[in-house]
Amino acid sequence: MSEFAQIPMKLVGPVRLSGPVMEGEYEVPLATYEAPLWPSVNRGARVSMNCEEGIQCTVVDERMTRSVLFEAADASAAFQALEKIKAVFPALQTVVEGTSRFAKLINLNSQIAGNLLFLRFEFTTGDAAGHNMCTQAAEALMNQILELHPELKYGSISGNYCSDKKATAVNGILGRGKYVIAELTIPEKICRRYLKTTPAQLVQLNIRKNLIGTMLAGGLRSANAHFANMLLGFYLATGQDAANIVEGSQGLTMAEVRDGDLYFSVTLPNLIVGTVGNGKGLDFVLENMKRMGLTEDREPGENSRRLACLCAATVLCGELSLLAAQTNSGELMDAHRRIERGQKD
Amino acid sequence: MSEFAQIPMKLVGPVRLSGPVMEGEYEVPLATYEAPLWPSVNRGARVSMNCEEGIQCTVVDERMTRSVLFEAADASAAFQALEKIKAVFPALQTVVEGTSRFAKLINLNSQIAGNLLFLRFEFTTGDAAGHNMCTQAAEALMNQILELHPELKYGSISGNYCSDKKATAVNGILGRGKYVIAELTIPEKICRRYLKTTPAQLVQLNIRKNLIGTMLAGGLRSANAHFANMLLGFYLATGQDAANIVEGSQGLTMAEVRDGDLYFSVTLPNLIVGTVGNGKGLDFVLENMKRMGLTEDREPGENSRRLACLCAATVLCGELSLLAAQTNSGELMDAHRRIERGQKD
Amino acid sequence: MSEFAQIPMKLVGPVRLSGPVMEGEYEVPLATYEAPLWPSVNRGARVSMNCEEGIQCTVVDERMTRSVLFEAADASAAFQALEKIKAVFPALQTVVEGTSRFAKLINLNSQIAGNLLFLRFEFTTGDAAGHNMCTQAAEALMNQILELHPELKYGSISGNYCSDKKATAVNGILGRGKYVIAELTIPEKICRRYLKTTPAQLVQLNIRKNLIGTMLAGGLRSANAHFANMLLGFYLATGQDAANIVEGSQGLTMAEVRDGDLYFSVTLPNLIVGTVGNGKGLDFVLENMKRMGLTEDREPGENSRRLACLCAATVLCGELSLLAAQTNSGELMDAHRRIERGQKD
Amino acid sequence: MSEFAQIPMKLVGPVRLSGPVMEGEYEVPLATYEAPLWPSVNRGARVSMNCEEGIQCTVVDERMTRSVLFEAADASAAFQALEKIKAVFPALQTVVEGTSRFAKLINLNSQIAGNLLFLRFEFTTGDAAGHNMCTQAAEALMNQILELHPELKYGSISGNYCSDKKATAVNGILGRGKYVIAELTIPEKICRRYLKTTPAQLVQLNIRKNLIGTMLAGGLRSANAHFANMLLGFYLATGQDAANIVEGSQGLTMAEVRDGDLYFSVTLPNLIVGTVGNGKGLDFVLENMKRMGLTEDREPGENSRRLACLCAATVLCGELSLLAAQTNSGELMDAHRRIERGQKD
């Protein structure tokens, strides 16, 4: 049997980026079984190259989480234990420092349900996405807490209030992964020329499809056309744990007409990506990272923030292109047919 | 640049399956960057081999969907058009038949929001997951409806009420993909021996973590530990569009003590998988399909139902193993450390 | 002790209504502890009186539901039972006819979770909201099904898939209560004069607050400012079970600029209201019903549809007024202060 | 026209309470159109009187919130403003102190969506539920922030990230209202005698109906049978703004067998109640408050915490009774029929 699943991979771009984290033009790798993804993202990339400032990316927050679960005798005991645990937060930070050079405990949230106590630890994790680092730190924290609180019993090293790879609201509200916003202002002419649509049409579609349509579908903190597609392609090509597209794809597309031009942005509160860790040692991943300038020696966290910006910009490109196509009757299917015919030739 | 992202892939199993769709013992391929996944699923597979009937898989439903969006003058016009469209459902079925040998229109749902009309078409699609087949059929249906109803205007070929690759409730409630349930009854002795836990411990953890913990996290139609991990590995190894793990991972784990033994089941209402279509022509995919006996000539839909059962059984194996590990303090991290040390040696 | 909680009640309006169900100008009673609600709804009502066609109300659907829960040996047994139950749907309809003059079984939905079978029965219930009628019918259906299917065991007369008075997605997707849409087109001048705002400002606020803000809050099928306030006041004043504002308040506000004017609509998919049943025999309720013309002898269901339209129109008035106030810095709090000062004088 | 909606009101109980906040036996008023609610809650109250410690109530948290919305030029500007606003938190607290004797700013959360900045202010509000106090404080905060940050523009005094009277996840996760847990341990004999069921039956029903059934319905942070009914009755009888049952009803019922007895608890994270403010000056409300001992002169906040405990205990009584009834085929409808026949006699 083959030792590898070989997912077709291509470069798209260049994409033009700006903003506080990085500036420049970058080619981005995407691995996918869905061939129409490449030309679709490419069209968005071409638009970015024709907008003076390109796609402006801002990293608003970053943290990784693990929730643990304790059992108390009753709610009152759980509450008292929680108050004491919060009171020794600095000591807990010290515990975490002993588990890793990079993990830092930055915050603690909680839920009490009946006699159950859920603690949600939040860490920064350097350039790693941080799953294992956080589990290790959480284990040390649990052990410490159980030692100090014999009135608590071990419940679970993960209590699903983390929340890893699930469709929940907690990650967007309390934070998990990189919180990145990518924005692009597209002159009306460029919009017509490359996207075959007008700012007004795209704005209307975004409201009706992404905001209202998703809401009617019973969507949860989600208002976009297909973030998941770009995330999957980018995550696979850069050695990320792609199961994190579940929470990663919960994000928001915004579009507004501004002085006749199109303001278009994607808000991605839960990008769980890193430049070190599982998957990053594979040759093609290293090559891809290098091509995007992410193997350089920088402050811890800096490379992974750049990775997150490149990811968000790629999502913007694909989202923009698909929405534009859907403003026009017949365009989407034509594109698919053309591309798939192309494949057969 | 490499033409492929090469995701490490291994066989797990054999897994023992039974039930209305298929019986036997099967090895299953999983592609992942996360090495601990293989031994974890393997442990569950070993349990299945030690349970007389193995994992019983039932396919409860199957359909693929696309929602389209029309604009009317007002709600009353939208409502009247809807009534007329529903009245000519057989004619719409005929339209669909003209677009594909395999697509059949089986149902129609709707939402009216203000003056907007969302139609959600449901199709069977033979052995294909059916994304493109459905888009093509939806396009033909839209054209037909727009011709018959000049009072409606094109809104979008996809109105997000489908709902593709998003965290929503509609797919679980109205159906999208294969709805599969996998069940396993594990004698208490086997539970202790292979899973190092008791039925009662596992039941309690499932209630507290998967049901209560996810609910507190603001989960949506989701109560499981890590369906997404197994789905990703299985989807990549079998040429599926893995972005569909977003809705695929919204499912339910149940556990009950029955006469001292453990009843354990996973309910997966949204498995979007196929044995034909994009990605299925790659050599390693063909090889994997063949190994699982899915390249044989069967009634349309039969091979893809078998694929869905194999997928669900794999999810059960991994879910069972992780939950068992989390009932014991320290076990999860120990396993990770052992495996990762192993990798470095 | 007092035998009654006495909730302050006032008439608001008149409100102008049009559309397929009813036309005319109506005063509407609202009972509330929150005095600012009356002038707020009144302002919206005044706007409706200044718009030629008034508020156009459309009833898109109506049904009442109850879900029951059965236990089977396994998923396969649950599935087989379900298939057989669906095959005898006409016989089930006959069972329901024997339980009430008004209840009619119109549809059946289901969920299978592991070995559990949830059936969601949908009924029309004449002019009653129908809670009890449906429970009674569901009980008869359960008994019949248990008799025909000894392989099923009683689980619960209500399995929470109904879903009564809970924040869920199922009611909006499958239907529960009256599905009503109220629409108003407001000339730009009227908008400025009575609402002190412009169509463009109101549209922008609706997108940012109701659509985006609610989505960020992890909202579920909800995008409005304060439907719950008007619903509570209307339900109490008309003898409804006001706990149903939980699902009733899950609805959508839409606003668009059309040729310079403001199109404004509220979509309320889950209005659970009736003109007969508990609470309707109280003197003040009868008086209120009579004043709105709802005690006349009409076809069964007709009066309750009118009630639902009056309710939706009232919701529109209050929603419009509050949103308008919030477009202007300081206006909301000024109004509250003025009203509360007024109360003290 | 009548100046009051007269909702039938009765005392239920006495209920036995214990825990850190209050101890004793209390009668509780409930106003409702649904007559079966009184005997149902009464049955639960009787159970509490037969359990040595009664219902133990714990208040885990309390805060009231208002979110405001600003517009910035882009995400980067929004982010920079946010960082500066967080840096002057103590000054913001001083601003709030100037608006009310009771309001205190205790925390600040945020969301950035594209170029929009949502700030969620959290306050303590003494014995008031605090809607108006918070709006007033939020207005002062907005004005201050707009003065310091000319780069921000007024968006809305309420951005729906609060979130008031809507089905969202944010309130349960970040807190809004009193977070109260009520617990009762019921000896097996008492369970059989008063509730006509066994601990094991009730536990099983709670898992299947409240946890699994609600999840299948697409429930959001909700797992209970009918919290909304008791909340409505209690809120109306005590002068609360009953539209807050929308978020109030999002809570969790837990049941476990412990040494053969039944542990039963309700977790209510969002009880928005007060002993002062709108509605509290009405005679019957005063009388009710007095009867429950809530008009005594206590530390600010103390009376409203007691009110919240009484409310949670009442919810527990009604929830317990209904679940018990639903474990037995036929019991629910029989009770309804008996009560309604009784009413007619």
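When the chains are written out, they are named A, B, C and D in that same order, and each has its own residue count from 1.
Everything that follows uses one rule, which is that contacts are C-beta pairs under 8 Å (C-beta built on N, C-alpha and C of every residue); 3 or more make two chains touch, one makes a residue touch a chain.
Everything numeric here is computed off the predicted structure, so don't read it as measured data.
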Furthest chain, CA centroid comparison against chain A: C
Centre distance in Å when chain A and chain C are each reduced to the mean of their C-alpha atoms: 37
Mean-CA-position distance for chain B and chain A (Å): 22
Averaged-CA centre spacing for the pair chain D and chain A, given as whole angstrom: 34
Junction residues of chain A - those touching two or more other chains: 111, 113, 116, 168-170, 173, 212, 216, 218-222, 252, 254
Topology of the chain contact graph, where touching chains are joined (line, ring, star, complete, other): complete
Parts of chain D lying in touch with chain A, wherever the complex brings them together: 19-20, 56, 58, 60, 74-76, 79, 109, 111-116, 168-170, 173-174, 179, 181, 183, 218, 220-221, 252, 254, 263, 265, 267
Residues of chain C that touch chain A when the two form their complex: 169, 172-173, 207, 211-212, 215-216, 218-223, 252, 254
Chain A-touching residues of chain B, taken from the complex the two chains share: 1-11, 29, 31, 33-35, 67, 69, 71, 111, 113, 116, 118, 132, 135-136, 139, 142-143, 146, 154-170, 173, 205, 208-210, 212-214, 216-222, 224-226, 228-229, 231-232, 236-237, 239-243, 245-246, 249-250, 278-279, 282-284, 287-288, 291, 326-327, 329-330, 332-333, 336, 340
